[in-house]
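Below you'll find a set of structures to go through.
Two complexes follow with chain A in common, the first pairing it with chain B and the second with chain C.
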Partner chain A sequence: MMRFMLLFSRQGKVRLQKWFNAIGDKERKKITRELVSLVLSRRPKMCNFLDWKDYKVVYKRYASLFFCCAIEESDNELLALEVIHRFVEILDKYFGSVCELDIIFNFEKAYFILDEFLLAGEIQESSKNKVLRAVENSDALQEENQEAEATRSILEEFGLS
Partner chain B sequence: MPTVSSRGDAMRGLAVFISDIRNCKSKEAESKRINKELANIRSKFKGDKTLDGYSKKKYVCKLLFIFLLGHDIDFGHMEAVNLLSSNKYTEKQIGYLFISVLVSSNSDLMKLIIQNIKNDISSPKPVHVNLALHCIANIGSAEMSEAFGQEVPKLLVSAHASESVKQSAALCLLRLIRTLPDAMTYAEWASRVIHLLNDQHMGVVTSAASLIHTLSQLSPGDYKGCVSLAVSRLSRIVTSTYTDLQDYTYYFVPAPWLSVKLLRLLQCYPVPEEPAVRGRLVECLETILNKCQEPPKSKKVQHSNSKNAVLFEAINLIIHIDSEPNLLVRACNQLGQFLQHRETNLRYLALESMCLLAGSEFSADAVKKHRETVINALKTERDVSVRQRAVDLLYAMCDKTNSEEIVAEMLAYLKKADYAIREEMVLKVAILSEKYASDYTWYVDTILQLIRVAGDYVSEEVWHRVIQIVINRDDAQGYAAKTVFENLQAPACHENMVKVGGYILGEFGNLIAGDERSSPLVQFNLLHSKFHLCTPSTRALLLSTYIKFINLFPEIKQTIQNVLQNDNQLRNADVELQQRALEYSQLSSITSQDVLATVLEEMPPFPERESSILAKLKKKKPASVQAIEKEEEKMKKSPPSIENHVNVPKEVPANTVSRLTISNSVDLLGLSTPPATPQQSTNSLLVDVFGSVDQPVAPKPESNISKFLFKNSGVLFENNLIQVGVKCEFKEHTGRVGLFFGNKTGNQLQNFSASVSMGADLQGKVNIAPQKEAPTQIDGGAQVQHFVNLECITFFSGSPNLQLRYQHASTPQQVTLKLPVIINKFMEGTNMPAADFFNRWKQLGQPVQETQKIFQANHPIDTEAAKTKLTGFGMSVLINVDPNPDNLVGSGIVKTKTSQIGCLLRLEPNKEAKMYRLTVRSSVGEVAALLCTMLEEHF
Partner chain C sequence: KFKMPVPNRLRDLIRNIRSCKTAADERAIIQKECADIRNGFREEDSVFRCRNVAKVLYIYMLGYPAHFGQLEALKLIVSGRFTDKRIGYLGAMLLVDEYREVHLLMTNSLKNDMDNPSQYVQSLALCTLGNVCSTEMARDLTSDVERLLKTANAYVKKKAILCACRIVRKVPEMMENFIPLTKPLLADKNHGVMLTAVALITECCRKNPQVRANFKKLVPTLVRILKNLIMSGYSPEHDVNGISDPFLQVRILRLLRILGQNDSETSETMNDILAQVATNTETSKNVGNAILYETVLTIMDIKSESGLRVLAVNILGRFLLNNDKNIRYVALNSLLRTVHTDMTAVQRHRTTVLDCLKDPDPSILRRAMELCFALVNHSNVRGTMRELLSFLSRCPLDFKSDCSSGIFTAAEKYTPNARWHIDTMLKVLTTAGNYVRDDAVPNLIHLLSANDKMHAYSAQQLYKAMLDVDDMSVQPLTQVACWCLGEHGDELVSGSNVEDEPINVNESDVLNLLDKALKSSLTNPVTKSYAINAVMKLSTRFSGYNSQAQQIVSIHSTSHDMEVQQRSVEYNVLFNQHDNLRPGLLEHMPQFEKQVTTTNGEEGGEQLESQTVESVQQPASVAQPEPQQDIIQSNVDLLLDLVDFGSSNNNQQQQQQAAPVVPSNDINSLLDLGFSMQPQTTQPAPPAVNGFNNQPNVNNLMGGSLLDGFQSPAPVINNMQSMFYWPLIHPAACMQVISKFSTCHLYSEPTFYYYQNNLKIICNISCTTEPVITGVTAFEKSGLLIKFQFERDGNILNVMLSASNSNAQDLNEFIFQAAVPKSLQLQMLPPSGNLVGMNNSNVLTQTIKLNNPNKAQPRLRMRISYNYQGQSVQEMGEFNDFPPATWQ
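Showing the complex of A and B:
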């Protein structure tokens, strides 16, 4: 089971955090602070895994962003690395060559995508197409809403509602 | 304007706010901007104008963004909850996101939230159901478990739910089970859940496999049917081509996620017994190993990673099975190739997996062939985490033949090792050098070198240990004295060296005193030259060395007395030093040479004990303990090394001196292990019996039998008329129950009768015979006795009934009680060494023989109290078996007339979570289940 996933920039700014079990806010901040500085201090070419406290940490850098997750002792490190990669692929396809800014400005979307992909720290759907379809379906619902919204506000403007 | 997703510019205000924040030049500017925004949102939420859904959504989303930046958010929860009931999907979605991320900080809205989730979970729209399920899974609180524990599994096995709903439901359920494991095992759903492994939809199977994995760990018996299904599903995957599985093929590897999950699931169970299933499983594993030899289908790292992920998991399963020598050796060879792979990740994992293979008798030799490669890794790897793995593996593969080389390499590496791992390395070197020493000079040299190279990381256990061994080995003493003397001559030597040197010269300095280069005075001056540089504890030790010198070398008595009587000592601010100096100087001046010689005689050999260093390593690295334990078992079989001669408790040297003041050998031996407390239960019940006399307690009928689980006597029942006391004795399968009926009134209780009866469930299982007829009346204020003999024929659950009837003031009274005759009363504790325990534990490995419960602690977690309870329960608490000192293991035998039922128990507290995991194994599954249930509520 994955315990948590963090996305942070090379400057150490956290862009996305997902915690799969109940940890207090203070503890989260502490873990984040320590882990971010630990990962940032590692040189490229080093192994992507490290033992840290009770966690096995698996991380990988994609352009300016570090994707970092903590898994349990009995979990498979290589597969966790591919969980990260698949997530990146999904983001990439969804945003169209994703960059850090996409995740900053559409953080809520990133969370929605993650919820379709991972749930309770386990992989829910490993098919890229199926995850994207689920997210796009809910986007479609959003657009329907927006159309309704647009019409309504025009009506309101004209005082016709 | 920064790039904003082209997909519907949903919340313009949010995007503007985010870019404002990004444009802030300083932390202060950012805080200012955020506070402005918070004030704005607050006024909007408080304002008279009701906000429309869109604005609410936008503001809630801004709050969320601010929270994720690391600021506290103390409002807006209500608005978010309002969004949940919006009929617009996107508003609902933001509401749920906010709740999922921030709910813990404000839970008085929980009822409302749960109500909203209830509405959505029963919605006809799958997207709404999914949102609700995701939210439950994200929050995963106990409240959620209680509210939806029944609802979610229905969705999972429903014929109508869509695939995506089933996937979410499976993982959502998994999260709820993790939160409240004992509330839900879903035995009644087991067969339907297991069959999800056959589902057409690979996504459903993947989610379900995670769920089944957890359920199998919690209640293996109910889910063992999954083994054959998992094997056949796995077999279909590994034999498929990469085009078969379409979307589920990942870089030419068919369904790696599902494969790994299935391989992990199979590690919950012993090897399947049916030859067909077993054969198929072995075939799968062979196929996976074969595929690694094939040329890669892609050069992408994703291809090799996912292929190897499956391979490593297969190797884990092969190690778990541990009975297929061919597969084990093949696995080892495969890992050997990875040891030299250019990918750091693979080298790291290969070292890690090989550590496990080193523990299997079939592959241990194959692992040892890679010694040079591993030593090379230690020297050349650039990444400390890889080097750490190499150290672990070297430790695991060390044996008599290669120990000198491995220890030498580890010592060499220690000089440049990272600080974080030095202490652990020191422990490992100390253990290996002791375990495999064929001659003591090597051992002594190694430990002294450890102190030289990494003195700061040499813990007390390590230097205590070398002293213990030297004291117990006559042939090592002269060499040790000579070597420490030489080491002390270094201009700067570590304080630990002074301690070891001081102690050893104090005992054996005479062995080298013949040489004038190390004459008594030279030895003394050498030690005393270090005295002022040392901490008080070392100085105290040196003072003891000095008094020992007075005995060994009367010729330097005067010199030493001068030191002892110096004001620096006699008026030292440190009380311990002052006292020692005073007492030693008195001792040396008052007593005769004979008395002095007796008091300061050479230390007697230490009794044998488990190495305290090993215990320390276990404590430090519980994860690696299994490998070490296997190692230990092997050691016991192999010819004796020093370990078998000397096994000593820790803390000894530091305490040596106290014998002068206390002259008590108990303290000398430093019995650091807390004494077992079997007596405590009897003490406490005496208190209980007496206490209840003057404290009017009125236990409810029948309700207090559970307190007798841990004791044999006490007040069984009391009201304002009568008190019933009980005192039981049990021996093997027989017992005697003494009942004491006390009349609390001034009048006679008439028509008294006391009859013991058994429910249908006890018939034939327990025989009961009263020794005499029960009394028929009890005088006012009097107490009468009544004894009942009983015999346990076979295992039973429940307890016999005691029915009392009597008449008081012409009113007939009737009371029915449970007698505290419970199955555990027929249990006797058995002591056994760790190795036996682990053997038996393994033998009772079938799922039906084990019951495990995970539960919230009902009492504060206290190891000693728990020990007392277990002892009172009838188990022997085994010391030094479980590497984690917080965990308790116990064993006992339930003795009935017809059979003897062995029971083993393990109780693991999680202090942080205030939870326990209790595992009971027994040759009879029912007994395990019953004992587990009985104990659960008492911890």
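Showing the complex of A and C:
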């Protein structure tokens, strides 16, 4: 089970955080701060795993972004790298060649994608397409909603409703 | 009515924040935005609530407080708009965790939305439940999750399964509801459903090993699914680098591992498929290795056939040689896991593992180091240790403590001979310097003491090492060296029995070196205490150097450190007033024995024996840091009570203020030795040091009045000191003290503990009001051992409790409560602390006073509570076996 996932930039700015265990706000901040500086201090040729406190941390850098997650002792580190990679692939497909800016300006979408991919710290879907389809369908539903509202408000303006 | 301006769009806020040049600018923008958002919330602006909450989430991600968005997010959830719900649930997952009371407000919305006709709304609710579900929520919503587990819609189903998984994690007994539903889930063709179903089963098995038996019949199904995955051709949907759904494969392998553990029959059914996966998996990419790694772990964990195990270890051996650091890391990791079951197989890769000690990556180094320690045995100890010693000299600083401790442990276990052992130990002391853990010092002293043929050699080597380090900044080395020089300095100087080239050293050199250690600002008080002891001992070992030794010792009677000062003062008294006793007191220590022997002697001996044990246990029990101030104060008072001569009453006040603060919690021990007591007449003393010139009455040693200082059942032991001195007190030595005491010949190590313990024994001999009765085990369960020692004084029975813990983790918040029948009165004195250290390291003591006027047989009911690994444990027990001597 994954305990949390963090996305942060090379400057240490958090771009996404997902906590699958109940951890208080203070503790979250502390973990984030320490872990970010620890990961950033590691040289590029080092392995992608870290034993940090009780956590087994798996991280990987994609362009300017670090994807970092903490897993349990019995979890497979190599597979965690695949999970991260899969997430990146889905982001890439959704945004069309994703970059950090996409995630900054559409952070909620990044969360929606993650929520279709992982749940309760476990992978819920191994098919990229199914994850994408679910997110896109939800987006469409959202837009339908908004269009309907826009129409309604125009009608209201003309006193037609 | 004033209408709120339209709030900024999220996009604009992000842009504005990104354009900030300084952190102050950013803070200003965020402050303003937060104020606007709060206003919007206050206006109950439902149109823009969604936008505002989204902005709060962004602000939260930047690390600013965002608690004011919690309730608003919950309001969004209730809204009918999908957009609102989507952001609302996202906000709830981020901002509201189960520690916040408001999280329960979600329960009803979750319940409603799980019933919503739209699968996307259902999905939002399930996703939130799966990520933030608390115990209460789990109880309220289990039936809804159960219902959705049976739905035909795979999209909703897989999410419901993972919610069930979370519920099982939170409330394990809920698994009863889900277990019957799991079997059909595995028959589903949808990978999402299979994947999550295997996760749910795994979770159930982990939380309650007893249900494993239920799932064992699923093994053939799991094997079939796995087989299909390997055999099936390319399926683009679930493919990762040519491997079909590795996520599902790994999960099944892991579940097989859990189901096959300690069950040869079930394991048997897995052999074929495991062999297939192990041989057929393409390993040019990470993903293949991930599967192979999982397979190896499964093979090693279940009762697989031997050929398969060989295959697995060979795969790991291949991993070790892989260019990819990640693969090497997992190889070390899994070798470490299997080293205890397949020692010989892992042993074959020893040289490769040793090579990993040269890796620049600390993650790999840590694993390699641990594995190296696990691989040391009698036949390879020399070679492996050579590598580890060289690793010790070059490893990152945060490895040094662990590495040196590991070397000490392994050396002790597999040492080929004493000489090698001492050399290794010395090498670690000089290489790791102050990173050597404190507990190593007593262990090493023990080692030196036990090898009587090596005394001269070790003294010589330590002397050389101490000269080499020169500036005395390495405390552990200096401490061990001081002890050794003090004990065996004579053999060093005589040059006897030294195989190596003898070094030219005379008595003065040794004393000067110790003097240097005492005066150096780089040695800590503990080291200084070792040094001053050493000088003291050498005063008897070196003939003709008395005055030099005394000079070195006496200078420190004004030391700022209470411990050093006390010793100096005490030893000075010994020089001046008991010079005839000095040679006897400072004789060579007998060899330490490893175990405390508790064989009962015949008649009379028994009592002494138990005292001995007790006196040994006391230093080992580390008292929690006591309110030092009080102790110092009370001891100054005591001091004034005790050192009562020469002065008259009228300058009492003045003198009390001027009295030297000798803040030692055990000062009374020596003062008692030296001075006759006139208690209650609190005539103050002139500065204590001067006072020692008065002629004491040695006969008072036997006097009952001396006891006053020792009535307290457990002398307060300074936390740090006890760690350092425990090995100095040795039961055999105590016995000898006692036996020699009858001929008035004290034979001891002159640490103040020794004084204290000796005196305590002496007092117990000379005064029989407090017979000590042998200790018994009162409670023993899951590594916690509670022993009682009894001390009786008329109707009052002092039960001295000592709790030790043989687990590998500390017990925290230890509380011992007791109840007795009405005929007895019970008083619990404060415990020495609330922590019972792991591996019997920190023994907790507490005294229970029982007043038993009717001399009835006492019974004691106890309740023990403590935290172990974050879990609170409560135990009850009853102790009725009070020895007759304690109450009759």
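A few comments on the model shown:
Note that in this section the second predicted complex is superposed on the first by the 155 of 161 C-alpha atoms of A that agree within 3 Å, B and C clash if a C-alpha of one lies under 4 Å from a C-alpha of the other, contacts with A are read in each partner's own complex, and residues count from 1 in each chain.
Basically, contacts are C-beta pairs under 8 Å (C-beta built on N, C-alpha and C of every residue); 3 or more make two chains touch, one makes a residue touch a chain.
All values reported here derive from a predicted model rather than from experimental measurement.
Of the two partner chains placed around the shared chain by superposition, chain B and chain C are both touched by A:Ser127. Judged by the touch definition given at the top, the superposed model places A:Lys109 against chain B, while chain C stays out of reach. In the superposition on chain A, contact is made by A:Phe95 with chain B only, not with chain C. When the two structures are aligned on the shared chain, A:Ser9 is found in touch with neither chain B nor chain C.
In the superposition on chain A, contact of A:Asn137 is made with both chain B and chain C.
Counting contacts by the rule stated earlier, residues 14, 17, 22, 24-25, 29, 43, 45-51, 74, 76-79, 81-82, 86, 104-105, 107-108, 111-112, 115, 119-120, 122-127, 129-130, 134, 137-138, 141-142, 145-146, 149 of chain A appear in both its interface with chain B and its interface with chain C.
Of all residues in chain A, those touching chain C in their complex are 13-20, 22-25, 29, 32, 43, 45-51, 74, 76-79, 81-83, 86, 104-105, 107-108, 111-112, 115-116, 119-120, 122-127, 129-130, 134, 137-138, 141-142, 145-146, 149. Against chain B, in their complex, chain A makes its touches with residues 1, 14, 17, 21-22, 24-25, 29, 43, 45-51, 73-74, 76-79, 81-82, 85-86, 95, 99, 101-102, 104-109, 111-112, 115, 119-120, 122-130, 134, 137-139, 141-143, 145-146, 148-149.
Looking at the complex, you find that chain B touches chain A at residues 2-5, 7-8, 10, 15, 18-19, 22, 54, 61, 64-65, 68, 70, 88-91, 93-94, 97, 101, 104-105, 127, 130, 133-134, 137-138, 140-141, 164, 167-168, 171-172, 174-175, 178, 202-203, 206-207, 210, 247-248, 250, 255-258, 260, 264, 302, 305-306, 308-309, 312-313, 344-345, 347-349, 382-383, 385-386, 388, 623.
Chain contact summary for the complex, chain C toward chain A: residues 11, 14, 18, 54, 57-58, 61-63, 67, 81-83, 86-87, 90, 93-94, 97-99, 118, 120, 123, 126-127, 130-132, 134, 155, 158-159, 162-163, 165-166, 169, 191-192, 195-196, 199, 237-238, 240, 245-248, 250, 254, 286-287, 289-290, 293-294, 325-330, 333, 360-364, 366.
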